[in-house]
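Chain IDs A, B, C and D follow the sequence of writing; residue 1 opens each chain.
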Amino acid sequence: MTGGFFKECDLAMMNTVTLNEENVNSFHHAISSVIVTAQCFGLLPVLGVTGPNAASLRFQWNSFRAVFSIFILLGAGLNMCFAVVLMQSGISFEQSDGVVFFGTVTTTYMLFLQLAKQWPNLMVEWENLELSQKHYGYPRRLHLKIKIIATAVLTGALVEHALSKSSRITVAAAHTDNITDMFHHYFTKTGTYNQMFAVMDYSFTTATLTLITNFIATFAWNFTDLFIILVSLALTERFHLFNQYLVSLRGKFLPESFWAQRREEYNNLSHLTRTLDSCISKIVLVSFGSNLYFICRQLLNSLSPLDGVINTLYFCWSFGFVLFRTVTLSLYAASIYDESLLPKRVLYDVPPESYRGEVSRFLSQIVTDTVALSGMNFFHITRTLLLTLAGTIVTYEIVLVQLNSITIIGSNTTNNMTRKFYE
Amino acid sequence: MTGGFFKECDLAMMNTVTLNEENVNSFHHAISSVIVTAQCFGLLPVLGVTGPNAASLRFQWNSFRAVFSIFILLGAGLNMCFAVVLMQSGISFEQSDGVVFFGTVTTTYMLFLQLAKQWPNLMVEWENLELSQKHYGYPRRLHLKIKIIATAVLTGALVEHALSKSSRITVAAAHTDNITDMFHHYFTKTGTYNQMFAVMDYSFTTATLTLITNFIATFAWNFTDLFIILVSLALTERFHLFNQYLVSLRGKFLPESFWAQRREEYNNLSHLTRTLDSCISKIVLVSFGSNLYFICRQLLNSLSPLDGVINTLYFCWSFGFVLFRTVTLSLYAASIYDESLLPKRVLYDVPPESYRGEVSRFLSQIVTDTVALSGMNFFHITRTLLLTLAGTIVTYEIVLVQLNSITIIGSNTTNNMTRKFYE
Amino acid sequence: MTGGFFKECDLAMMNTVTLNEENVNSFHHAISSVIVTAQCFGLLPVLGVTGPNAASLRFQWNSFRAVFSIFILLGAGLNMCFAVVLMQSGISFEQSDGVVFFGTVTTTYMLFLQLAKQWPNLMVEWENLELSQKHYGYPRRLHLKIKIIATAVLTGALVEHALSKSSRITVAAAHTDNITDMFHHYFTKTGTYNQMFAVMDYSFTTATLTLITNFIATFAWNFTDLFIILVSLALTERFHLFNQYLVSLRGKFLPESFWAQRREEYNNLSHLTRTLDSCISKIVLVSFGSNLYFICRQLLNSLSPLDGVINTLYFCWSFGFVLFRTVTLSLYAASIYDESLLPKRVLYDVPPESYRGEVSRFLSQIVTDTVALSGMNFFHITRTLLLTLAGTIVTYEIVLVQLNSITIIGSNTTNNMTRKFYE
Amino acid sequence: MTGGFFKECDLAMMNTVTLNEENVNSFHHAISSVIVTAQCFGLLPVLGVTGPNAASLRFQWNSFRAVFSIFILLGAGLNMCFAVVLMQSGISFEQSDGVVFFGTVTTTYMLFLQLAKQWPNLMVEWENLELSQKHYGYPRRLHLKIKIIATAVLTGALVEHALSKSSRITVAAAHTDNITDMFHHYFTKTGTYNQMFAVMDYSFTTATLTLITNFIATFAWNFTDLFIILVSLALTERFHLFNQYLVSLRGKFLPESFWAQRREEYNNLSHLTRTLDSCISKIVLVSFGSNLYFICRQLLNSLSPLDGVINTLYFCWSFGFVLFRTVTLSLYAASIYDESLLPKRVLYDVPPESYRGEVSRFLSQIVTDTVALSGMNFFHITRTLLLTLAGTIVTYEIVLVQLNSITIIGSNTTNNMTRKFYE
C-alpha cells in the first residue's frame, strides 16, 4: 500500500517535473544575461557568470570587473561631493535632488560590490536547493520571464533618460543660436550637470565624461529595482512549485515521513530566503528610501504648471515610471511572503487520521516564521507595507503641498501689495 | 453511551434545523431578486439567476445581459474620458470629482463582468456548503433581511439622486424663464453633465441619454456597497448558525470525532470565505477607496456656506448617506471576522478529559488563520480597520481644511487690500 | 505524596485566604456606596444595591430610581437640543463644546440605564466567581481603595466645577453693579447657560433648574471615568490574587489536575472580563472619545492668553484634571490586560516532568486570548493604546495650533492693514 | 552512545569556554569603571562597585555617595524651577528647552537613585546567571568594548559641551571689551544660565557653581543613553554566547533532556531581561522622550540661518551627536530582541526523530514571549520602533517647519506692508 502511494506520488511529480535539459531555467542561468548587462555598467563584478554552474562563480578584487566597478563608484562619489558643495549655498528641493540621486547611486555601487563577494555562496546555496528539489523541476519559462521584465524596465528607463535629455536640450536650444553654444548652455546652465561645471571648466572631454557618468548612474538607479524584482520573482517561483505540488495532494492520506520531508524542503526554502535577505536587505532599504523620496518630489512637481509638450511628456512618463517600478517591486517582493503562507491552507485540509506531530510542526513553523525580504529588518515587505507606504506618501504630500502653497501665497501677497503701491 | 450522545446531538440539531421547503433562505434564492434588479442596470450579467439551484447559473459572452453590460461599461468609460479631457484645463477638486466618479463606475462594471464569470462556481460551492451543513438549517429570514437592507439602501440612493437633481434644477430655474431654456441651462451649465455638452451638441436625445447614463452610474455606485453588505450578511449568518450550535454544547464531554467533524465544517466555511474573497476583493478595494474619497470631499464641502433649503438638505442627506453606507459596509464585513473567532471561546470551555488532538488543532486553526474579507489582501476588514479609517479621515480632513483656509485667507488678504485701495 | 502535596497547597492557601467576615471586600459590597452616590444623580438605577448579596439586585422600569434617571436623561437631551439649535448659526469650537458635552452626558445616561438592566446578572456572575475562588480570599482593602479613589476623583471634579463657576461669576461681577444683575448677566451672557436663555425667559426658577442640571451633568461626566476605573481596579485585584498564588508555586512539581483547575479558574476570570466588557464597552468608547476631544480643546485653549488668577487656576486645574483622569483610566483598564498575561511567566518555569497537556493548553489560552476591556471591540485598552493616544493628541494638536495661528495671522494682516489705512 | 554524545558536547563547549581568570569580562567587573566615573557625577551611588563580586554591592542612604547624589539632584531641581519661573512670561521653544533639559536631568537623578537600590540584587542575579552558564564562558572582550563605547560617547559629549560654551562665549566677546565683562555678559545674557541670574545676583562663586552644575547635568544627560547602550550590549553578548553554542549543534540528533536544559537556560536569560527591564524601563522612557524632543528641536534650528564657523560647527556636531546616540541606543537595545529570537531558527532545523515535547515547548516560549527592553511597557525596543520613530520625527518636523514658516511669512507680510507705508 505504501508502494502504491509512492507510485502515485511519482506520477504526480512526473507531471510537474520538467526535463533535465531545461536547466536553462535554473536561476544561475536565467539571471546570467541580466548580470552581464549590469557588469557593463560596473555592477555586481563577479567572475564566471556565464559558467556552467554556480561553482564557477568567484569574486576577485584584482579582476578587471572589480576595478571597473570601483572606478565608477569613485566617479559617482565625486558627483555626490559636487552636489553637496553646491547645496551649501542654500537648501532647496532642487538642489537636494542631486545629492539624493548621486548619494543613492554611490551607495548602490558600494552595496553591489559587497554583494558581489557574497554572490558565489548565495548562488551555490540556491543551486543546491534546486538540485535537492529537482523532483519539482525548474520554474516554467523563468528564463523568458526574466528577459521580458528586464527589457521592459530598462526600456522604460531609457525612454525616461531620453525624454529628460530632450526636454533640457529644448530649453537650451531656445536660449542659444548654434549647436556648440546649445551644448555649452545645456551642460553649464540646465539641470543635472551644472553642479559639475560650476567647479570644473567646460570642455568637450569633460562634457562627454559627464554624459557617460550620468547615463551609468541612471542605469544603476533603475537596475537596483530591477534586480530586486528579478530575485523576488525567481524565489517566488520556487515557492510556487512547492505549493503546486502540495495543493495537488490536498486532503489525501499521507504518512508522517512524507510531511517531515515536505517540512524540510520548506525549511530549506526559508533558509534560502533568509540568506538572500541578509545579502540584499541593505539594497532593499536604499531602493525603498530613494523611491519614496522621488515619488514625493514628482508629486510636488505636478503642482507647478508644465510648459511644452516634451516637458509634459517627460514629467508624466517619469512619474508614472517611478510609480510603476515601486509598485511592481513591492508586489513582487511581497509575493514571496504570500507564497510562503500558502502551505498553511493545505495543512488545514489534512485528514484527522493523517494529522501527526510533523504536520503540526510544519504548521507551527509556517505561522511563527516570517519568510520575507526585509529592509535591514526594519520592515518586512508584505502587501500591508504597500498600503502603509501609500498612506505615508499621501500624508507627506498633503503637507508638502501646503508648505508650497503657503510660500507662494506669502510671497504673492507681499509682491502684489508692493506692486500695487508703486503703480 | 455514544449512542445516547448522538441522540442528544440529534435533538439539539432538530431544534435549529429548519424545514427543507424553507430553502427560500438559501443564499442562491435569497439574493436572486437583488441580482435581477442589478441586471436591469447591466451589473452581474449571469444567466439562470432565478433557477431552482446554483447549477442552473452560467455566464455567456454572447448573451443579451453580457452585451448590455459591456454597452453600459463603454458608456461609463466614455463619460470618464470626457471628464479627463475637461480636467486637462486645470486640476481642482470639483473637476476631479467627475473623473473619480465615472472612473469608479467604469471599474465597477469591469469587475462585476469579471465576477459574473466566477459567480456560477462560487454559488455552487456555497450551495454545497449549505447542503453539507443542512443539519444547521438555513439562516432564519435571510430572504427578508436581504430585501429590507436592499430596499433601504436603494431608496436612500434614490432620494439622494432626486435631491441632487432638484438642487441643480433650482439653480437652473433661477437663471432662466421657460422650461426648455431651464433644461438647456441645466444640462449645459450646471454640474455633472457640462463635461459632456462641452464637447457634444445639446439635443433632446443626447440630454435624455445622458440622464439615463447618469442614473445607471449612480445605481452602480450604490449597488457596489449594497452587494458587499448582502454577501457579508449571508456569510456571517452561516458562521452564526455554526457558532450557535457550538455554544449550545459548551462545556459538554464530546468525543474527538465530534470535534474533528466540527473542525472540518469550520474549514469549509473558511474555504468559502477565501473563495468569496478572491472573487470580490477587488470590488471591496474600489468601494473603500471611492468612499474614502467622497467622505473627505463632503466634509470639505461642509465648510463652505450652503445657500437654499434644497441645497442644505441635499448636502446633509448626501453626506449622511455616504457615511452610513461606509460604516454599515465595514461593520457587516467585519462581522465575518468577529464570528470566525467565536468558536475559540467554546474550545476554551472544553473539559480536560475531552481535550484531544483535534480540539487543539481546531483552536490552532482559528488562531492562526485570518478568515475575513480583504481589499486585495492589502487590508483585512475588521473593526480595527474602521477605527484606522476614522483616524485617517480626521487627519486628512484637518489638513485639507487648512489648505482651504489658507487659500481663502491668502486671496482675501490680497482682495481686501486691493479693494481698499481703489475705494 | 499527592496527599502531602495537597496539604502544602492548603497551607499556602490558608495564608492568603481572608476571613469570611471580610466579604466587605467582595465587589458587590465594596462598590455599593459609590453606586448609591451615583443614584443620587440618577445613574445606574438598580434596586437592592445595599442588599446582602448580588441576588438582591434587580432592575424595574417603574421604580422611582429608573423614572428619576429617565427624567434627568430627558433634561440632558433638552440641553443638547438647545446647544444644537444655537450651533446652527455657525460652527466654532466654543459652540460645539456645548453639543459635545451635553451629547456625551445624554449618551452616558442612556448607556447607564441600559447597564442597569444588565447589572444584576453581571454582579451574580462576579459573586459566583468570588465564591468559587474563595480559597484566594477577597482583595485586601478593596473597600478602602474604592472609597479613596472615588473621593479623590469626585473632589477633583467638585473643585473644577467650583472654579468654573467662580471664574465666570467674576466676569459677570465685573460687568454689573448689584447681585441680581450679576446673576442675570451670569446666566444669560457668560458661558455654559446662554444657550438655554437664548430660547427661554430668565427667571429664578429656570436659573436654579439650569444650575442643578448643569451640576448633575458635570457629575455624570466625571462619574463615567470613575466607574470604569473602579470596575477595572476590582477586576485587576481578582487577577492579582490568582497570580500571587501561582507565583508562590513557581517552579514546583505539580500534577496535571492542579493545572487543569487553575486553567479553569483563569477561564472563569476571562469569562467575567468578557461579560463585563460586553456591558460597559459602549461607555468606554464614549468616555475615551469625549476625553480625547476635551484634551485637544484644553490644549488649544492653553495657547490663548489667560487673564485673571481664577481663570488661570481654573484652566490649569481643569486641564490637569482631565489629563489625570484619562491617564488613570487608561492605566487601570490596561492593568487588567497586563495581569492577564502574567501567568504565562509562571508556566515557563514549570519543570519539564510536570509539563503536561493542560499546562500547554493553559499557556496557549493565555497567548491566544485577549483578556481586556475594549471600546466596542474597536480597540483593546492596553498600555500601547495610551502611547497611540498621546501620539494622536500631539499630531492633532500641532495641526489645530497651526489652523489657529493661520486664522489669527490672516485676520491680523487684514485688520492691521485696514487700520493703518484709515489712520 | 549517550556518553559519546556528552563527550562531543563537552568538546564543543571547551572551545567556547574562556578561562576562569577571564572573569574580567563578567558584567560586574566590565561595567565597574564606567559606574565609578558616573559616581563622580553623583549617579548610581552604590557601594562596592570595585569589589570582587556582585555580593559586595550594597546601597546605603547615609553613605557619602548617596548624599552627594541627592545634593546634585536638588541642584538640578532648583535649576528646573528657575527655568519654569522664567517660562511663565511666555511659552516659546527657546524657553521650554531649559525646562525640558533640567527636567530630564532631575528625573534622571531620581531614577538612578532608585536604580541604585535595586542594583545589588540585579547584579547578583546577573552573576548567578553567568556562573550557571559558565560553560559558555564570558563574552569576549566585553571589558574592552565597554571601555571603547564609553570613551567614544563621553568624548563626543565633551566636544559638544566645549563647542556650546565656545559659541556662546564668542557671542559674549563680540559684545564686550574686557574678560570680566565678557564672563558677566556670558552668564547673564547668553543662553543657558540667564534663567539663574535673572533671579540671582551675579558673583564669581555663583557663576562657578552654575558652570559646574551645568557640566554635571550635561554629563548625566549623556550618561543615561550610554548606560542603556552598555547594559544592552552586555545582555546581547550573553544571548549571543548562548546562540553561538546552539548554532554549532544545528541539525544534530540530541536527547530531549538536552533541549530541556537549553530551554531552562534561555528561560533564565529571559528572566534576567525582565528583571533588568523592570529596573531601567523608566530610564529608557525618559531617554527616548528627551531624545525625541531634542532631535525635533535641532532639526527646527537647522532651518534658521547659522552665523559664524563655531556656531555652524556646534550645530552640526550637536545634531549629529544626538542622532548618533539615539540610533546607537535603539540598535543596541533592539539587538536584545533580535538575539532572543534566533534560537527559533535552530529549532526549525532539529531533525524529526529528535523533535520532542521540550523542543516544541522551547519554540513556543520563544514565539509567545517578548524578550526585550521596554519604555515602561508602553513600547518594546525593536528595529520596527526605530522606523516608527523616524516616521514620527519626519511628520512632526514637517508640521513644525510649516508653523515656523507661517509665522515668519505672517509677520513679514505685516512688517513689509507697514514699512512700505511709512516710507
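Please note the rule applied: a residue touches a chain if its C-beta (ideal position, glycine included) is under 8 Å from a C-beta of that chain, and two chains touch if they have at least 3 such contacts.
As the structure is a prediction and not an experimental result, all values here were calculated from the model.
Asks: Please flag the chain sitting at the greatest distance from subunit B, going by CA centroids.
Replies: The chain farthest from subunit B, judged by C-alpha centres, is D.
Asks: To lay subunit C over its twin subunit D by CA atoms, how big a turn is needed, in degrees to the nearest 5?
Replies: 90
Asks: When subunit B touches subunit C, do the two copies use mostly the same residue numbers, with over half shared, or different ones?
Replies: different
Asks: Centroid of subunit B to centroid of subunit C, CA atoms only: how many Å?
Replies: Spacing between the chain centres: roughly 36 Å.
Asks: Distance between subunit A and subunit C based on Cα centroids, please, to the nearest Å.
Replies: Here the centre of subunit C sits 51 Å away from the centre of subunit A.
Asks: Could you check subunit A for residues that touch two or more other chains and list them?
Replies: In subunit A, 364, 395, 399, 402, 406, 410, 413, 417 touch at least two other chains.
Asks: So in the complex, the part of subunit C that touches subunit D is made up of which residues?
Replies: Residues in contact with subunit D: 338, 344-345, 348-349, 352, 355, 360, 363-364, 367, 383-384, 386-387, 391, 394-395, 398-399, 401-402, 405-406, 409-410, 412-413, 416-417, 420.
Asks: Quick check on the complex: what are the subunit D residues that touch subunit C?
Replies: Interface residues on subunit D, with respect to subunit C: 256-257, 260, 263, 267, 270, 274, 357-358, 361, 364-365, 368-369, 376-379, 392, 395-396, 399-400, 402-403, 406-407, 410-411, 413-414, 417-418, 421.
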